[in-house]
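So, here come the structures, one by one.
In the two assemblies presented below, chain A is common to both, partnered first by chain B and then by chain C.
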Partner chain A sequence: MLQFLVDALLRTADLALITLGLSMLYGLIRFPNIAHVQYAMCGAFLAYAINSAGAPLIVSVVLASILTGLLTLVIQLLVFDRLLKSGPAIAMIGSLAVSMVLVASVLGIAGSFPHMFSLPHTEPLIIGDARISHTQLWFVLTTLVLLTLFVLLLFHTQVGRAMRALACNPALADASGLNASRITNGVTFISGMLAGLGGSMLSLSTGAHVNLGYDLLLPVFAAAILGGLGNPIGAVAGAALIALTETAVTNINFGPLLGETLVFLPVSYISAASFLILLLALLFKPYGLFDREVRRV
Partner chain B sequence: MKKRHFLTLCASTLLVGNLASSAWAQETISLGAVLPLTGPSATVGEDIRRGIQLGVEHVNANGGVLGKKLQVIVEDSGNNPTTALTAARKLATVDRVPAVLGEYSSSITLPMAQYLVKENIVHFNIGSSSNKVRELGASAFNIIGLEAAGNLFAAKDVYALGHRNLALIAPNNAYGQGVAHGFTEEFEKLGGKITAQILYTGGQSTYRRELQQLARAKPDAFLYTAYGHESAVINREAKELGLRNVPWYAYIMSMSVSDTPADIAEGQIGMELGTAQGDLGKAYEDTFKAKFKEGFKTAFNGYGYDGVLMLAAAIEQGKGATPAQIIAGLKAVSEAGFTGVTGPIKLDDEGQRIDPPYDRLKYEGGKLVQR
Partner chain C sequence: MYDFLIFTITIAGIYAIMALGLNVLAGYGGLLNFGHIAFAGIGVYATGIAHARGWPVLVGIPLGMIAAMILGWAMARLGRRLAADYWGIATLAVAEILRTVALNEDELTGGANGITGIPGLFESVASPWDQVYFSAVVLGIVAVTAFFSARLGDGRFGRALRLMREQPALAACMGYNLQKIKSHAIMCGGAITALAGSLYAHYFNFAGTEFMLAAETFVLWTMVMIGGMGRTAGVLLGVILVQAVYAFVPFLRDLLGFGSDVAGALRLGLIGAILLICLLWRREGLLPEKLRNPA
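Let's turn to the complex of A and B:
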């Protein structure tokens, strides 16, 4: 049972930072950026490149996050700001194109072979019947700390208030003298950084590989929509719910139903779980589970 | 005038060239080989090519075949069935070789060999283990252990190690399905049980969930076969999940440890196609090391070497280098008893090696050793 909770927690950590950034940025720019998961993939490769150039691990991860933030900002300014003038649908299709370009570039530079970090092997921690590796533990802790910081930022600072005001009513916020473009750029940079950080920490245990972004696309979007796009805290809750469902589906033994001892759903079908949740959410709760609570500032 | 001179010159050059090449051809007997010298299996391809090169050098150093020089024309398949087929066609129609060795991947070997058999050219399998190799036809021969033999060997070995309840993980493709199905059959015949089985999707970055599902079966041991990088992920995550506290048995060992860090692979047991066997094998291994300044990269080079030596012996026995003479020669060589670097080679009526060798291996101190 403990292992079940640990697995759900680990999966939540996989998704949380990236979903958070996606949802936060959506609140300001109002289009679902498909390329967002590819920023995570870029972050993973940057961290790997910096690490293999000889930098210590923490420096590589931090540097990779900052670089990914800058990349996100540059793409936002050069591409999406212009596309958004033609409407969110055009911008979304544009983000699909950007996503493909990013994948193709990484494929061209780094190749299709996954790159594993050469980390010293350490024995995992054993808590009861559950096991968690040190890298994973750090990943979860970092995610928790960042989420706490983010909540404090959003609800207890002037900047957070401005962000919420802008997300809630851009015209009014602008009229009240808030510098909309500066806040948007700041949030773009932070959301890119979070994606880069999420991707690079994920790659510490799974390696930097070109499908990292695509593998995240469905669960991350399902989590963000479930939490209500534009609602960053809801997005994290959505990520936790997706993680719980995926872990549950993985662990349910269908054996007794079929008269055998052990029958599990093949792992390749498990992403269908997030797909199903996404579909249900869109049908019954298109604005997310926590819609009403967060619309007000 | 000048033009005529030029044409005459061209014609005579061609004629001389032709004469020269046919004169040379008379002193040389050519065989063909198609190998993956580029692409994902290039390491294996180059390893086999080295074995073939040593084989040719050995034959020529001992007077050649029928008093002529032996050569093997090696073509690259690029790990692609179409390229391999084009290469085989070139060997058959341009170089007019009577026999072709190769390829490595079963999916490439099978169509290529079907073409060769149809053209009545000898196909000599030195790298593919699909059971379908057995069904290729009258002019097809094989000296490598096929899946069926591998499954039987591994099942007996695992059983002898005392394991009764196994969890099995293999890639979800023709190879993995073949191993999963065949091994399970053999193992259950012996009285063992496969308590959980997973065919995994290739190219994933994590197999944590698959491993957790397998672990629920609480097996005595895990049996797995996986390609280099996928093995690395599986081995590391199994270690993290504490699953490597029970034995892991690798089916085709070199694949399973090639990309895994040594501290995780340490103590790993498994099986592999037999490489150099006996005194002859030892001498071959020394020659190989001296020539290429490094040891064997894979288990396959010895089969390339034996393939060349056996074909050369067959040409001697059959007293000629036509496909028919080689087929008759191979049968005679097999009956007389042939010992290669991969051990004694005896062919059955279908041209398949009887009792192909396998090695019981263990990963110790950073390298594979016999157990």
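Let's turn to the complex of A and C:
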């Protein structure tokens, strides 16, 4: 049972940072950026490259996330700002193109073979009957600290207030003298950094590989939509919910229901489980579980 | 060399049918379907399953088209309460769910091995000519589809779809049932694409999940976007351009001698770059849609 909770927590940590960035940015730019998960993939490869060039692990992860943040900002300024003038649909198709180009560049430079980090071998920690490796523990702790910092930033500082105001009512925020483009650029940078950090820390256990982004695409979007796109705190809750369901679907023994002793769903159905939640969410709560916005009926 | 040429023409023809299908709903109707390849997958598997069950194999074609129309109806229904971008993600999810199911239900679809040994359309004809006949049939279907899709686009239905794309409120005011025409557009585009999927299965004698990757949808989108959304000639031009890039990469590979990863990256990257450049500088495509002048 404890192992179940640990697995769910680890999966939440996988998804939370990337989902948070995606959702936060959506609040400001109002289109679902499909390339966002590819930023995480780029972060993973950057961390691997810096680490194999000889930098210590922590330095390479931090550097990789900063570089990913810059990359995100550059793409936003050069591509999406221009495409958004033609509407969100065009920007969304553009994000497909950007994600193709990013995957192609990484595939061309690094190849399709996964790159594993050379980490010192350590015994996993054993808590009760659950096992967790040191890197995973650090991953979860970093995620928790960052999420706490983020909540503090969003709800207890002037900058956070400006961000919320801009997401809520851009016209009014602009009229009140907030510098909209500076805030948007800042948020873009932060969300890219979070994606890079999430991706590089994820790759510590799975290795940096080209499909890292594609594998994250649907769970991350499911989590973000479930939490209500544009609602960062909801995004984290959505990530936790998706992680719980994925872990439950693969760990529950369906045998007794079907009159056999052991029936588990194949592992490849994990991704289908999160899509199914996504579809159900879109059918019954199309604006997320935590939608408080009032719409005219 | 001639084999390669005929192969390229046939594949381009099959993709042209799929792209024309996408054009009906995305070009005319402005619907963001990011799971369009699911329709082709249904066609592929309908033919495959018809063969595996020992039914006459041509039954697969109408079967696939009917199944695609049912899926299209369901997708349209899913979109009833959703904004366009949310619906786009939902269709992506539908396509991925179908792919996962196809990959895992071994009894129905052969799982990861797929269904092999699907007969071609001209089994009795001697070796080079069966390929030629097949490509002629494909080109014939492309011509018929292009003709009807152009007719459809200029007719009342196409004009209603365009009006819905540009001015949904006005279209509703004029008495069009938006949900109904949306659903008809998706069903129509889906059926056309399923036909192309069946041809694909006959051509490669194989049904598998490789045809259903999300990347294939993006390729279709690239074809429709760079050529010109909503215009039949534009879509055909886009198909030819993308296929030219695809046919060109193997030559470059032999010339420069790089590995298969780089070749794959080059294909994907070139398509992505072309799409991006086109979106940034020529958003309406190379052959823009001709809208009727109101005056």
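Definition applied: the second predicted complex is superposed on the first by the 288 of 297 C-alpha atoms of A that agree within 3 Å, B and C clash if a C-alpha of one lies under 4 Å from a C-alpha of the other, contacts with A are read in each partner's own complex, and residues count from 1 in each chain.
Everything below uses one rule, namely that a residue touches a chain if its C-beta (ideal position, glycine included) is under 8 Å from a C-beta of that chain, and two chains touch if they have at least 3 such contacts.
Keep in mind it's a predicted model, so treat the numbers as computed, not measured.
Considered on the superposed chain A, chain B and chain C are sterically compatible, since they fit side by side.
In the superposed pair of complexes, A:Phe275 makes contact with chain C only, with no contact to chain B. In the superposed model, A:Ser133 lies in contact with chain B only, and not with chain C. When the two structures are aligned on the shared chain, A:Thr250 is found in touch with chain B, with no touch to chain C. When the two complexes are overlaid on their common chain A, residue A:Pro32 makes contact with chain C while staying clear of chain B. After overlaying the two complexes on the shared chain, residue contacts for A:Asp215 are found with chain B alone; chain C is out of touch. By the touch criterion stated above, A:Ser205 is placed in contact with chain B alone, chain C being left untouched.
Set side by side, chain B and chain C differ in how many residues of chain A they touch, and the one touching more is C. With both structures placed on the common chain, the touch criterion links A:Ala97 to chain C but leaves chain B unconnected. Between chain B and chain C the least C-alpha distance in the superposed model amounts to 7 Å.
Shared interface residues of chain A (contacting chain B in one complex, chain C in the other): 266, 268. Interface residues of chain A facing chain C in the complex, by the touch rule stated above, are 31-32, 79, 82-83, 86, 88-90, 92-94, 96-101, 103-105, 107-108, 111-112, 214, 217-218, 221-222, 225, 229, 266, 268-269, 271-272, 275-276, 278-279, 282-283, 286.
Residues of chain A touching chain B in their complex: 3, 7, 113-114, 116, 121, 124, 126, 131, 133, 205-207, 209, 211-212, 215, 250-251, 253, 261-262, 264, 266-268, 270.
Here chain B touches chain A in the complex through residues 195-196, 198-201, 203, 205-210, 212-213, 216-217, 229, 232-233, 236, 239-242, 261, 263-264, going by the rule given at the top. The touching residues of chain C, counted against chain A in their complex, run 30, 32, 34, 78, 81-86, 88-90, 92-94, 96-97, 100-101, 103-104, 214-215, 218, 221-222, 225, 259, 261-262, 264-273, 275-276, 279-280, 283.
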